[in-house]
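In the two complexes below, chain A is the common chain; its partner is chain B in one and chain C in the other.
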Partner chain A sequence: MTMAIEAFGVGRRYGRRWALTDCTLSIPAGRVVGLVGPNGAGKSTLLHLAVGLLEPSAGTISVLDQGARSGPSQLERIGFLAQDSPIYARLTVAQHVRMGQLLNRTWDAAFAASRIKNLGLDPSQRAGTMSGGQRAQLALTLAVAKRPELLVLDEPVAALDPLARREFLQTLMEIVAVEGVSVVLSSHLMADVERVCDYLVVLVAGRVALTGDVDELLALHHRLTGPRRDVARMPAHQLVIEQSHVDKQTTLIVRSQEPILDPVWNVTPVTLDDLALAYMRQARDSAGPSSNGLELAR
Partner chain B sequence: MIRFAWLQSRTQTLVAAFVLAALAVVAAITGIQLSHLYATLVAHCHTGCDLATSQYLSHDQVMARALDLIAQAAPALIGLFWGAPLIAREIETGTYRLAWTQGVSRSRWVIIKLAVVGLASATLAGLLTLTITWWYGSVDKLTTTPYAVFDRRDITPVGYAVFAFAAGALLGTVIRRVLPAMAATLGAYVAARVGTALWIRPHLLSPIQTTLSLRGAGPTGQAHLGVGSQNGGAVTLFAQGDGPHNSWTLSSHLLDSAGRQPTTRQLAAFLHDYCPNFRGPGAPPPSGQGVVQVVGPDAGRPCLDQAAKAFHLLVTYQPADRYWTLQWLETGLFVALALVASAGCYWWATHRTS
Partner chain C sequence: MEFHLNPSSGVATYQQLVQQVHQALQLGLLEPGDQLPTAQQVVASLAINPNTVLKAYRDLEREGLVRPRPGMGTFVVGRLPRTDPAAQTRFRKSMSAWLRSARAAGLSAEEIEAIYRTALRDCSQEEIA
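Let's turn to the complex of A and B:
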């Protein structure tokens, strides 16, 4: 099976500060993968390493089964949309398209032209005068028109207003449906991921807290509500991810391959948002015991 | 990639080409007038030419000053506005993430950008210096020596421009921000130019030394000799000499008959023995700050004659016929520095830039 991104013990240091440490993960190809994590989790660093903008300080990373920095032919296989959709403010839309054509042997001029037309972009407009949404759409067009096998999008909608965000994700989903390209999309907002992704990777402090097919993950996790109960007395196959207790009531998020049959529990499905947050908290708490020391002692 | 580099730098290149063309037209019109004036006023003048010469020289002073300023500033401007932002702007605005993830390797991208814009810099500087050197052709003959305008004529400005560009590109890559990189480029450029003029250019070729007799020398002429004081200091013997016509005098100093440089004490003793008139405070009229008061030939003649017997001058200079060799050497030096800076820029962009 081809892996979109595969990392083994990858770390990246800026001066003395490690932005990513010992990251090991496998992101499958052929999916629309949401890479989720709190700010500073190392998402951007990981994606920059994947597209070859950065070199790892430790470990190895490969993209589509090839070294991330194995040359221009590898660059052509990846369409990268960096955070905030960088474009040349002084070049026009048409000049950006020309750039894509001049710099990529695999460039699909017809696709680019039709996308610019469908988006209603004025080819003679300078990119610096476009709205954030238009910029993002132009940048996405550039990334897709080079006909990559993998689209890597770093926080593509973080800076967009709700309408532009919806339009952008709509465009992305159309492209995925028509072109069948693999996508890895990072975001710190679950709503975006929930809308477009079918595979989830939760990254906390450079470590994978949760990974898996979205439908499978949702089927695997349950929210249990019932009378107050010590989690130590839960059955072994029910892994407690998160617990909260109020007076006489306990709410748990558990991971279980088998159905929950205990009648004391009121079992409801979890949302992807709940799930990601639960794993983020769990990873954060286990990663930094010193910060929670007081709370645990109380 | 070459065509994209051109696409990206097209506007700035066209602006520069337009400015250059406008300048060339103005220079051509005034330059032709000037050479016509030279032909009628100066060239056939045999006696009493001072008036004609000054009339000719005052004809187009604004243009002369402007061109001199451009010759002086153009290489630095190329470094500031073409070199420093070349990669710094990509990093500062984040577009490097777009540029370096297209289907062209980063090495190729950097090399071609450096080559295309570097070549444009050299061409621009070359055409500018061609225009300016041509315009100044007859003026320079009357007003100055070739070495005095060494760094503003002929080919050296091309070397300076290429160096300024490459230094700007390197500093921009390292500093990663346009404005600080521009400031650093200006600093590096000025330092390189001043350092070269002071410490390197005089020694590019080992200079020639010659001794000049001081017999008959007065306050004027190829060798100057006089007695006076500087800044109100002690009275002493002053001597200075120049190399041959149009040469570049690096230094000149007194030597005694044994070939040694006389000490201050020896000079004082000499003055005490042979020039009693000048001894003591206030004997020569006190001069203004920093001015050497040279005593006229009549008053001090016997003293100066004695001095001419006791001392001679050692003059160190670069002869006129080395001008072009030195032009090529200095230009080559700056081009070599530019290549080193370009290599540094390439290495930093491909290895140290995220």
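Let's turn to the complex of A and C:
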């Protein structure tokens, strides 16, 4: 099976600070992967390593089964959209398309033209005068028109209003449905990730805290509410990810392959949001106050 | 048919799609021969992952309710037993009577809901056990 991104012990250092540490990951191709984590977790660093803009300080990373920096033919297989939808403010829509055509060996001019038309973009308009949503759509069109096998999107919708965000994701999902391209996108917006992604990677303080198929992860985790209980007395196959206790009540998020049958618990499903947050807190707390200055005010 | 999503339901998206097809079949809104929307259509309207739609359609296919015709789309081939309307009425009546007596005993709507959920859960666990 082709792997979209495969990393073994990857680390990246800026000066003395490690932005990414011992990152080991296998993300299958054909998925829409959501990369989430707090600011400074190393999301952009990981994406820049994947597209070959950065070289790892440790470990190896391959993309679509090839070394991430193995040369120009590898770059053709990847479409990358950096944060804030980079476009040239003074160039028109048509000039952007022309530039894409000149700079890429593979270029689907018919796709670009029909996309621009469907989006209702005026070819003679300068990009600098377009709305944020239009700029994002233009940038996405350029990234897809080179016919990549993998699209890497760094916070593609962060700056967009809710309507533009929804429209951008509709376009993106339609492209995935029609072209079968793999996608890795980073986002802070869990509601969007929950909608569009079928694979989740949670990155905290430069390390992978959780990774897996979204439906499997949701089926594996449960929220338990019940009378106050010491978590040390939980069965061994129920791994407690998060716990909170008030006077008489205990609320847990547990990971368990088996159904929770103990009748004292009220068992409810968790959302992807709950899950990602629980793993972020757990990773932050276990990392201790010394790592990356992520101190806990307690 | 048109799908919609309830993001806060805690039900996986593909299951929501499956349930909506089930409901449409039970209500007679979908019948054998009808075509389900293509993955591309669902994706373009809901902004969800196409794999999610395909997963829902595969589940429905496994249940014998739909069948893909290559190059044409996914079509309804099965029926779901529609609950006997008389039985529905009978149970609604006995439930109304129960609710009135619970209200008369001073139970609040929330308490009644909690009792209903607990009883439902007990029942489904008896079925599993």
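In the analysis below, the second predicted complex is superposed on the first by the 288 of 298 C-alpha atoms of A that agree within 3 Å, B and C clash if a C-alpha of one lies under 4 Å from a C-alpha of the other, contacts with A are read in each partner's own complex, and residues count from 1 in each chain.
Methods note: contacts are C-beta pairs under 8 Å (C-beta built on N, C-alpha and C of every residue); 3 or more make two chains touch, one makes a residue touch a chain.
Model, not experiment: these values are computed from the prediction.
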item: Chain A as common anchor, with chain B and chain C clashing or fitting; value: fit
item: Contacts of A:118 with chain B and chain C, given as first, second, both or neither; value: neither
item: Partner chain in contact with A:24 - chain B first, chain C second, else both or neither; value: neither
item: Which superposed partner A:106 touches (first chain B, second chain C, both, neither); value: first
item: Touched partner set for A:268, first chain B, second chain C, both or neither; value: second
item: Partner chain(s) touched by A:2 [first = chain B, second = chain C, both, neither]; value: neither
item: Which superposed partner A:173 touches (first chain B, second chain C, both, neither); value: second
item: First, second, both or neither for A:191, with chain B first and chain C second; value: second
item: Vertex chain A; arms to chain B and chain C (CA centroids, nearest 10 degrees); value: 150
item: Which superposed partner A:70 touches (first chain B, second chain C, both, neither); value: neither
item: Shortest span in Å between Cα atoms of chain B and of chain C, once chain A is used as the common reference; value: 25
item: Residues on chain A engaged by chain B in the complex (per definition of touch); value: 14, 48, 51-54, 71-73, 75-76, 78, 80, 82, 84, 86-91, 95, 98-100, 102-106, 139, 142, 146
item: Parts of chain A lying in touch with chain C, wherever the complex brings them together; value: 30-32, 166, 169-170, 172-174, 176-178, 191, 194-198, 215, 218-219, 259, 261, 268-271
item: Chain A-facing residues of chain C, complex; value: 5, 7-8, 10-14, 39-40, 43-53, 55, 125, 128
item: Chain B - residues contacting chain A, complex; value: 1, 3-4, 7-8, 11, 93-98, 100-105, 108, 354
